[in-house]
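Same chain, two partners: chain A is paired with chain B first, then with chain C.
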Partner chain A sequence: MAEIDAAGHTTREINAAIRQCIADSCKEITVRNPGARHNLAVAILDDAQIRLAGSAGYYCGGLIDGASIEIEGSAGWGVAESMLSGTVRVHGSAGSGAAAAIRGGTVVIHGDAAARLGVSMKGGRVIVAGNCGYMAGFMAQKGTLVVCGDVGEAFADSMYATVCYVGGKIANLGTDAVIAPMDPGEAERLDETLSAYLPAPLRDAKPAAADFKKVVAGRKLWNFDKREWRIWQEAL
Partner chain B sequence: MAGLQNSGIFAPRVIEEIQAKAESGLYSIRGFGTLRERRWATFDDLTFLPCSLTRIPLEGYREKCSTKTVLGTRFAKKPIELDIPVMITGMSWGALSLNAKVALAKGAAAAGSSNTTGDGGMLQAERENSRTLIYEVLPSRYGINIHHMRMADAIELTIGQGAKPGTGGLLLGSKISDRIAEQRDLPIGVDQRSPARHPDFLGPDDMIIKVEELREATDWQVPIFIKLGASRVYDDVKLAAKAGADVIVVDGMEGGTGASPAIFQEHTGLPTLAAVCEARCALQDIGLYGEVQLIIAGGIRDGVDAAKAIALGADACYIGTASLIALNCNKPIYEDDYRAIGAAPHACHHCHTGRCPVGITTQDPELMKRLDIEQGAERVRNLLQVMTLEIQMLARSCGKSDVHHLEPEDMAALTLEASAICGIPLVGTRKVFGR
Partner chain C sequence: MCGIVGYLDKIGAEGGNVGSVLLGMLNALACRGPDSAGVALFGARQSGQLVAQVKLGDNGNGTARAGEVKIIAEKFGGREFTQTGAYLRFVFGETDDLKPFITGVEGAGRDVEVVSVGRRLEIVKQVGSPSRLEQTFGISEFHGKHGIGHTRLSTESVVDLSHSQPFWGHGYPDLAIVHNGHITNYHQLRRQYEQRGVRFYTENDSEVVAIFLADKLRQGADVHAAMESMIGELDGSFSCLVATDSAIGFVKDTFSFKPLVFAETDDFVAVATEEIAIRGAIKGDFTVREAQAKEVQVWRR
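This part shows the complex of A and B:
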């Protein structure tokens, strides 16, 4: 167990200290006073457990592969962007573009997420206990996006093969997004996922998995087709 | 019949285009780049002024003329050092075949130059065969992989592309093979439209933080390039420099593409000649000319274009289409296969179909076999070396012992437009027009 006091230090110094701890085989690291600095704990390629005792700025946990990062405050834009594997957990809320372009791993947000949650995600799993802003899932390609609360406008717009679940209200669906029935056993699997990743009090306050709405791509934008002219005209 | 005349406005080609739209309900998508006849100022509107009595030339075949090119001296611990100032631009595995990607890598390496990954992630074979590999981070983030990024010699954060600034990439379903789909995390066979915006930043202020992230991710070792499609170049270059770029790439409207709506290729962006002039001016105005290196791209065909770009302020040039032509693009071989896709040698811009007759812009294994990697690499190396010799010849004739010493004063403008754009006197006068 190592402690790094970030007070008075630059991002570069803090990240160098984190990497040095890992190089010294200390894989449980607490960063005190992160002060919402940008780019903390980016590109950590190790199964280290990093706890930020406060809030983080942009891109915290971006480009990681294998690390487990816990942000005890809130996170700025692009938390965990482009991660390959690992877990990033935000106790507070997350800014825009949370989990953008992730290819694997899990992002858990206990609070709310702002706009473009899971934008261009290419795999992995995103779980938001609260609500999210507009255009969540925009152009998402693969993986699973779960929002226990309400979702903003243009939800799941122009998606490829990502599967979304929404526990609350959907302001409106984006272009080519459709509500789909859950397959047999799907609600149980969703329930297992939520129970595995959300603390019990948070999970218990959310709707039953069977009451979530499943949203997928209608596949009308997957290939150019002049018969769907109106969809293409309106496509974002 | 005598007296019949075509319309100048509704010319035969325009009539055909309108009727094609009316029949298909589709706008035109194709590859290659602009097909317009050049009516704007280009590098052809400049001529070199070699030494005579006022300046002393270097011996063309004897005296040293350095071509060494160093990029990324501003912040990176390890700037890249190339033997020559001509580099291979980013073209994706997906748009290009694996054989083409590897041939470009090997050819560039043999010439002491670099190549760039493109909008589809890095191929292991590409890394293994590259001397200097630039890893592109694009709005799509296809195939983004931190391990690959860390294996790169430079990172290029791409904002736009000269052939189609302000719009995302396009890869039609016929080219989304199983392997390409896996690399890009896409369903097989979809018409893939890349985003136009990055998913996690929007404007120049956010980009400052993104650049810092890329530096942290690569431990401040390698240069960060920012690539811009030539649009509002003067402002964009200043903003890219402010964001912390080591190197700025400006890609002019003559740049090529694997596929995009034809109207973007024909009617958007700034010509490369104008782009290099605006970029230089921007860097000079903020006092960073020379500190931030400048790479120019977009329709560079030979050492003459490259030498003129360098004289106007570029540190290096990218070539894309020219390197594919070196690989046999548009060569009159397999002519039946050109005809089968509605094209012809010297008039093929059907990269988007995935049926490239010469094995370059295809994922079809049989077509790909037509591009032999070793022979292709040899031709790419030859082209890069000849272009470098051409630059050196011009530089020596202008009395320069280093190609990077070429300057605007080594040229005169052949047209009023070029004089005004480049700030160079018109031939036969002592006057810079437009000043």
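This part shows the complex of A and C:
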């Protein structure tokens, strides 16, 4: 167990201290007084466990491969952006672009997510216990996006093969997004995922897995067909 | 970039420390744009009179100009004159029609501008960082319950005092805005307002936000409705804070282009471009959330 006090230090010094701990084989690290500063704990290529005792600014946990990061406050823009593997958990709410372009790993947000959640994700798993804002899942390619609460406008616009589940209301679906029935056993798997990643009181307060709406790509935009010119005009 | 901040003390009396809270928040955001900084502060309500902040000119001939402005202002009951930097502050008699006052005072010179008028509102802004604003005006000593502030990274228009923010809803007492973003139908809106005889003082697209809201309020809309109508009628990106003598609020554009976070507790409301500003200026245990696209919130004092 190592403790790093961020107060009075530059971001570079804090991140260097985190890396030094890992190099010294101390893999449980607590960062005190993070103060919502940007770029904390980015590009950690190790399975270390890092706890921020407060809020994080922009891009916290971005580009990590294997680390487990717990943010005990809220997170700013682009939390966990482009992560490869590992876990990022936000106890509060996340800003815009949370989990954008992730390739793997799991991002859990106990509160709400702002605009552009999980855009262009290429794998991995995103679980939001609260609501999310405008244009979540835009151009998402693979992986799973779960929002237990309500989702904002243009949800799942122009997606490829990401599968989304929504527990609350959908303001409106984006271009080529469709609601699909769940396959046999799918609701059970979703329930297992939610129970595994959300603390019990949070999970219990959310809808039953079978009541989630599944949203996938309608596949109209996957291949160009000039007979579908109208759809393309609308999409572009 | 640009950083915007707002604060409302929900429980304190008029003697609240809004000036020092806003300064603390602005200092934390100064790296987002140090071109210019400003605050719109709402102090104790003047009874039967208005307080004015007047920019004396662009070229440092302040003292001579101050004399000329004083003579004009005295015709409107102006008194308690104090000059700080490029500004002359004074109080004058309450009136329903500010037009003769503004035309009169600004007649003292082409570069004279009435920066703010209100029962509570005082706007001070200048070129440079928030810490320079504090050096010139000592804003941390300003007492009141609410206010908004801005630190600017200029992208579209020149850097000088007039182009700095906050903007007063020119001619409408106690209305101030700060804006982060770009209003892309600015020229179209400006042309429409100019055809109706509205004067624009700058080339800054944010000025039209203040003029738009002043226009809506004059037509009888309440603050919330006026802000909501921005979403349909203004194009481009905007995270905006609006303050009147009795309320403070924010509005965000359709696409949520620009950041804006806020915290509300039983004691205060704090809004800022980044959470670092709120955490830097206010200690304690509270949660912060980013505003959603098209979200409008107004808090009354």
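Just so we're on the same page, the second predicted complex is superposed on the first by the 235 of 236 C-alpha atoms of A that agree within 3 Å, B and C clash if a C-alpha of one lies under 4 Å from a C-alpha of the other, contacts with A are read in each partner's own complex, and residues count from 1 in each chain.
The rule is simple: contacts are C-beta pairs under 8 Å (C-beta built on N, C-alpha and C of every residue); 3 or more make two chains touch, one makes a residue touch a chain.
Quick caveat: nothing in here was measured; it's all calculated off a predicted structure.
Asks: Quick one: classify A:112 as touching chain B (first), chain C (second), both or neither.
Replies: In the superposition, A:112 contacts chain C only.
Asks: So in the superposed three-chain picture, is A:42 touching just chain B, just chain C, both, or none of them (first/second/both/neither)?
Replies: The first partner, chain B, only.
Asks: In the superposed model, which partner reaches more residues of chain A, chain B or chain C?
Replies: B
Asks: Please work out whether A:103 is in contact with chain B alone, chain C alone, both, or neither, and reply first, second, both or neither.
Replies: The first partner, chain B, only.
Asks: Which partner chains sit in contact with A:11 here, chain B, chain C, both or neither? Use first/second/both/neither.
Replies: Touch status of A:11: first partner only.
Asks: Of the partners chain B and chain C, which touch A:77 in the superposed model: first, second, both, neither?
Replies: Once the two structures are laid over each other on A, A:77 reaches both partners.
Asks: Between chain B (first) and chain C (second), which, if any, makes contact with A:124: first, second, both or neither?
Replies: Neither chain B nor chain C is touched by A:124.
Asks: Does the superposition put A:139 against chain B (first), chain C (second), both, or neither?
Replies: After superposing on A, A:139 lies in contact with chain B but is clear of chain C.
Asks: State whether A:65 touches chain B only (first), chain C only (second), both chains, or neither.
Replies: first
Asks: Regarding the shared-chain residue A:224, is it in contact with chain B (first), chain C (second), both, or neither?
Replies: A:224: touches chain B, not chain C.
Asks: Could you pull out which residues of chain A sit against chain B in one structure and against chain C in the other?
Replies: In chain A, positions 38, 57-58, 77, 96, 116 sit in both the chain B and chain C interfaces.
Asks: Please output the residues of chain C touching chain A within their complex, sorted ascending.
Replies: Touch list, chain C to chain A: 254-256, 259, 261, 274-276, 278-280, 287-294.
Asks: Which residues of chain B touch chain A in their complex?
Replies: 24-26, 29, 140-142, 144-147, 149-150, 172-173, 184-187, 189-191, 195, 199-201, 206, 209-210, 212-213, 216-218, 220
Asks: What residues on chain A touch chain C, complex-wise?
Replies: 35-38, 54-55, 57-58, 73-74, 76-77, 92-96, 111-112, 114-116, 133-135, 152-153
Asks: Give every residue of chain A touching chain B within the complex, in rising order.
Replies: 11-12, 15, 38-39, 42-43, 45, 57-59, 62-65, 77-78, 81-82, 84, 96-97, 100-101, 103, 116, 119-120, 122-123, 139, 141-142, 160-161, 222-224, 226, 229
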